[in-house]
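A short write-up of the structure that comes next.
Chain nomenclature is as follows: A, B, C, D, E and F, assigned in order of appearance, with residue numbering initiated at 1 for each chain independently.
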Amino acid sequence: MHLTYLLPAPMHVTALGETEMRRRATLLGEWSPEGTTVTVSAVDRGPSSVESAYEEYLAIPAMGSALRRAEDGGTDATILGCFGDPGLDGLREIARKPVVGPAASAMALAATLGHRFSIVTVAEGVRPLLRRIAWETGLLDALDEVRSVDLSVLAINTDKEAAFASLRDECAKLIADTDTDTLVLGCMSMGFLGAAERLTTELGVPVVNPIRAALHQAHALHGMGLSHSTRAYRTPPALADGAGGVDALLRVAEGPKEVTA
Amino acid sequence: MHLTYLLPAPMHVTALGETEMRRRATLLGEWSPEGTTVTVSAVDRGPSSVESAYEEYLAIPAMGSALRRAEDGGTDATILGCFGDPGLDGLREIARKPVVGPAASAMALAATLGHRFSIVTVAEGVRPLLRRIAWETGLLDALDEVRSVDLSVLAINTDKEAAFASLRDECAKLIADTDTDTLVLGCMSMGFLGAAERLTTELGVPVVNPIRAALHQAHALHGMGLSHSTRAYRTPPALADGAGGVDALLRVAEGPKEVTA
Amino acid sequence: MHLTYLLPAPMHVTALGETEMRRRATLLGEWSPEGTTVTVSAVDRGPSSVESAYEEYLAIPAMGSALRRAEDGGTDATILGCFGDPGLDGLREIARKPVVGPAASAMALAATLGHRFSIVTVAEGVRPLLRRIAWETGLLDALDEVRSVDLSVLAINTDKEAAFASLRDECAKLIADTDTDTLVLGCMSMGFLGAAERLTTELGVPVVNPIRAALHQAHALHGMGLSHSTRAYRTPPALADGAGGVDALLRVAEGPKEVTA
Amino acid sequence: MHLTYLLPAPMHVTALGETEMRRRATLLGEWSPEGTTVTVSAVDRGPSSVESAYEEYLAIPAMGSALRRAEDGGTDATILGCFGDPGLDGLREIARKPVVGPAASAMALAATLGHRFSIVTVAEGVRPLLRRIAWETGLLDALDEVRSVDLSVLAINTDKEAAFASLRDECAKLIADTDTDTLVLGCMSMGFLGAAERLTTELGVPVVNPIRAALHQAHALHGMGLSHSTRAYRTPPALADGAGGVDALLRVAEGPKEVTA
Amino acid sequence: MHLTYLLPAPMHVTALGETEMRRRATLLGEWSPEGTTVTVSAVDRGPSSVESAYEEYLAIPAMGSALRRAEDGGTDATILGCFGDPGLDGLREIARKPVVGPAASAMALAATLGHRFSIVTVAEGVRPLLRRIAWETGLLDALDEVRSVDLSVLAINTDKEAAFASLRDECAKLIADTDTDTLVLGCMSMGFLGAAERLTTELGVPVVNPIRAALHQAHALHGMGLSHSTRAYRTPPALADGAGGVDALLRVAEGPKEVTA
Amino acid sequence: MHLTYLLPAPMHVTALGETEMRRRATLLGEWSPEGTTVTVSAVDRGPSSVESAYEEYLAIPAMGSALRRAEDGGTDATILGCFGDPGLDGLREIARKPVVGPAASAMALAATLGHRFSIVTVAEGVRPLLRRIAWETGLLDALDEVRSVDLSVLAINTDKEAAFASLRDECAKLIADTDTDTLVLGCMSMGFLGAAERLTTELGVPVVNPIRAALHQAHALHGMGLSHSTRAYRTPPALADGAGGVDALLRVAEGPKEVTA
């Protein structure tokens, strides 16, 4: 099986660079069954960081183009490389292979492990988005709280232990305060640093790593011959009818126009 | 008061063109209190039509830039010119003045007029989006059905009477089938053609014109000195901290990058 | 446009008297577009104060008669002058013009400004009623909390600054405790004293003045040619058939009767 | 035990008259355990019929006075004699003994007998009220449908068999159309004519007679030494403080007053 | 009327023994109308205590056999003698007379007494079960909290005053923390010790004794000629068709079997 | 990895026998990654068929004993071999390794593939149970309908094509009637006959095979080092404290006992 992990931003031109992309590809491969090829794909334009809804929206158009290129290149499934599942519904409309959202996958798995799960993420501004994903997945009833510790991607990567400690403290507090019995780690960067597995051990409740939840779902769908429903995510009529690819959906003028009455 | 009506696509380079933009600006002015200046603004790039979630996402980045330009130019409030309220949450995060979504405004008004409202729209593919907006506005309990008649923008503008008749028939059927007591017209093009007002008369139930609902909300907020909550729609940290404008949130590389392990 | 603001009690025979009625009429006019005539109407019988459901019920029969008189006198819309929206459904059944409830209008507006709103009111006993109005408007999902500070109408009018300070403190506490991003002021008396506008400034979140929310809705409905749905609020058959007015619905005997078996 | 069944209208001056009041008192006694005294009490003013929310509201003030008189006369519990439970929350605020609503009692019993119950009533206009009672009782999840057959009180009492047949046909249709497994009879007049018991036999599903459900609840509460919660239904401060009775809550002026600005 | 109170475990071979069974039968008789015969029935096999879902499941098969024996012996209704309503749906499928669950009955009664009720029980492990019963009864909207004080059956019966004090303290805390207005006692042992009645007096809110709520419901159903819906709880086809009794549904092999591929 | 598939009944003494057990074990192995050992385990006592809640309850005690034996024998995870997930919560309380329910797993997967899923099962009597599982998993919002075609296990195994045709027709009807976009096959027997895969092809919507959904979840949990939450499914105190195994939770008397007052 050939899997693509699609980053919402041009990581190759950031400090993390290709090295981190390669490290992630390797990890994804190790977490997969034998015979899996994993490509980590970075778009040519996207937000520097994803700490708000607006930055998620900035990522989507280039992800659409990259998704189609990955499918043209033979990928069997695409995992969105951002916990906000940016544009999941829209990207599924234009895809011909399964597209998997880590947040939706992780929440669905968490829901089967207990009565009430909570999410701990690293940006205050995305908390409403995560509640919306829970609703879209039909899981809002099972979602207890969405909490955040404010950690920039920079902070996560420069002092990993301090970042982990902040996260663990917030998780422990959440468990003490509520009936939450299962956690979802709401951050891909922390996921690639092994935070979910450590938290599971240290806290005594299951903490779902969204990367691996998405990975297992991609393998499950591929194995079962299933994909998302085309009845739920309909091909845009302009794409269904037209000869061109997805980029033809975008109309570009020479400039904007204002008319005042 | 200075209002901007922000189109999600470059209408000025379509068959409707500046003429339609001017006609809409004039109508918006007539529907406003004395002393309102209305600008209809078209982005430089966006989807040719909006019949899917993906096409909504395509519209948002250019709308973000146009919104900031409009605010820099002195607008007091911006109305999104698309019934799907594309990017409403994200655009509010970067705005400094009220941003109004016609779908959210129309549903909120409809909810106060009866017990159960329904939406009739013109693209099958956006029905899930409209349910999501109802949920986001907190109004899902009041939403009865979302139905669509398949009408392309072309069809609406070439044979207006046939388009209206299709719409009216679907609305009448909906009323006969259900307890729906109030309707929301789910299409801006039909709204600018007077469809809501005609349906109200012909069907005997209130049919909310989303354009006018949004317009009244914009005036109400301006009059009351209110805007959307910055606690709900937080400024992206990268925008709050940085000196640059909203376009600086987007990072552009020379090309995409793929790494395979 | 001619608007009637219908008080649930005979304010003209209280300490506030006609002076306060005139002050309110003037304010309502100032908050309205040019060309609006505002009548403040007080019923001949009603509760001395409204701090419970029972007192709300006491107000309704005389409000029904007054509503019909106002409509006979040419009013274009009626706003209920009590945040509990007393008898809104029943009064709409007998009305021929729009009837607007301040609580429903304010909640609907608040819902469009963020993700979760709360109400702060001045009588513990009406908190369940306010939750019921949220449910009836279809907005319960968006309602976070209903809190009260115990302030009698007398207290509000004798020491306005102390009353405002109590209110502000409770609002600040609520914001500190919860994710509420938008507030609704749950008191007409405080609304006429400018409390919502001051709270908006001092707290940094939008605080909706229910009077102005209702006023804007009345103007919006009038402008759009809409009213509440007669399919939702059906005319009582006895009123539809009979020749008489609404007072004929009430049957009066010489006295009550008890039969014991 | 001494029970009062409180009619919302002056039945003694209608065609049904004291004869029907006596018949009902007798039936209520027969359905009660030994040692129960039942008084049927009719107010001095109320709606001729109850086919709308407005007519329910007209009933409440006189019911409040009658309730207090009944309690002063030694009643141990009061059952509201109308399926709309008019003013249940308000009347409980002023009561010192249990006040029981037949709709709430019947729905609560029905909910324990299956998964989904429906209500069949006799006035289209009260359907929204009955949904509201289900919500207020916390039972909306268990309520399937509220249907009505249009039967005036006159029709019910002049051709009882035709009325019963209409009702049975609607119930049978409802069962054929839905998964409803339990029914609630939504009409006190039909309840006193034995309709629920006949429907139970003829349809093969339990059909709850709201009169008997309320009666059993009144006896249960009396036997268990319980009443409704004074924390839920708080005594109006003006009643708690004042020396006077409930009628003192109503302030009466010589006439209404209008002030126009 | 002949009532059976069906214990989920063989109490007769425990320290409580037949003495406690007799005491309970006597109390149930005292709480019933004249002319009621009460049998307390203990199964031959069941869990030593019920502090988990697994232990509830252990109880059900023997309860099924005992239920059928009780019905063959002429009982008119059966009350499950455990607050978790073990197997209520399944037992109703095989019953021919009403089967009443104390938790469902108590919650339904509590829901009619206020806006929000809470349950206080004595085993942490059954809290999720009680929420599920609230959902199954359609009452989840009305349920505020489920709290527990950890009290073993042994502790309850050896130091009754200490057990009561723990319970009262938790209830008082719950009332101080929340808007809960009505309580349900979530323990049959405490119910037979008069805890609900004492708590009602000491706390000033109604505290429902589940035993008496179930008892009143059993009498109400018997009086009204009603039972649970056979449309909701369908007879197992194998029981409907076969000549044998309920024990014939169970197939017993000489031993288990494992096959490994 | 060593997996146990735990049948709720003694299949080895039925017509299907060890042959079918071996066929299932082989299929489960083929659907698993390399290196998986699968044991199909049949209990020594359980219901002949599972077409009701009561029959599900009959299965659980022997499943508890078999589960512990399987764990003692080295299994890494157990899948319940019945779509009703009999006793899932209780069995998890006593387990030390993951226990997976096919219904919960299949619904969680289906929820991620679209907006609304439906279940098609083969016994009318289990429809309420399946709705309850959806609720317990937190997924009720995503569940559209639960439909059944009445097919006995005998019918399924004697005329497989006729059984499949009935199922396909009901699924096709469901899709035509509703907005359901994803299906869950509600029957393990049909799942082992390849029905889900055929339906996916013939209907054009994803149809989830619950066996494979459960299998993938078991592998995912094992791979991720996760299990269900012990905070959600607490070990029974009597098991935590005692030295004995799970069978010691059951107390057995020489016979039942009845005491009548």
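Quick notes on this structure:
To be clear about the criterion, contacts are C-beta pairs under 8 Å (C-beta built on N, C-alpha and C of every residue); 3 or more make two chains touch, one makes a residue touch a chain.
Keep in mind the model is a prediction, meaning the values are calculated, not measured.
Note on interfaces A-F and C-D: more C-beta pairs are in contact across C-D. Within the list D-E, C-D or A-F, A-B finds its counterpart interface, over half of the contact pairs alike by residue number, in C-D. Averaged Cα coordinates give chain B a centre that lies 30 Å from the centre of chain C. For the pair chain A and chain C, the distance between mean C-alpha positions equals 46 Å. Of all residues in chain C, those touching 2 or more other chains are 115, 128, 135-136, 232-233, listed in ascending order.
Residues 31, 33-34, 100-101, 104-105, 108-109, 111-116, 135-143, 175, 180-182, 197, 200, 204-206, 208-209, 212-213, 216-217, 219-220, 223-233 of chain F are the ones touching chain A in the complex. Residue ranges on chain D touching chain C, taken from their complex, read 9-14, 18, 21-22, 25-26, 28-29, 37-49, 51-58, 60-62, 64, 66, 69, 87, 89-91, 93-94, 123-125, 128-129, 132, 135-136, 152, 232-238, 246, 249-261.
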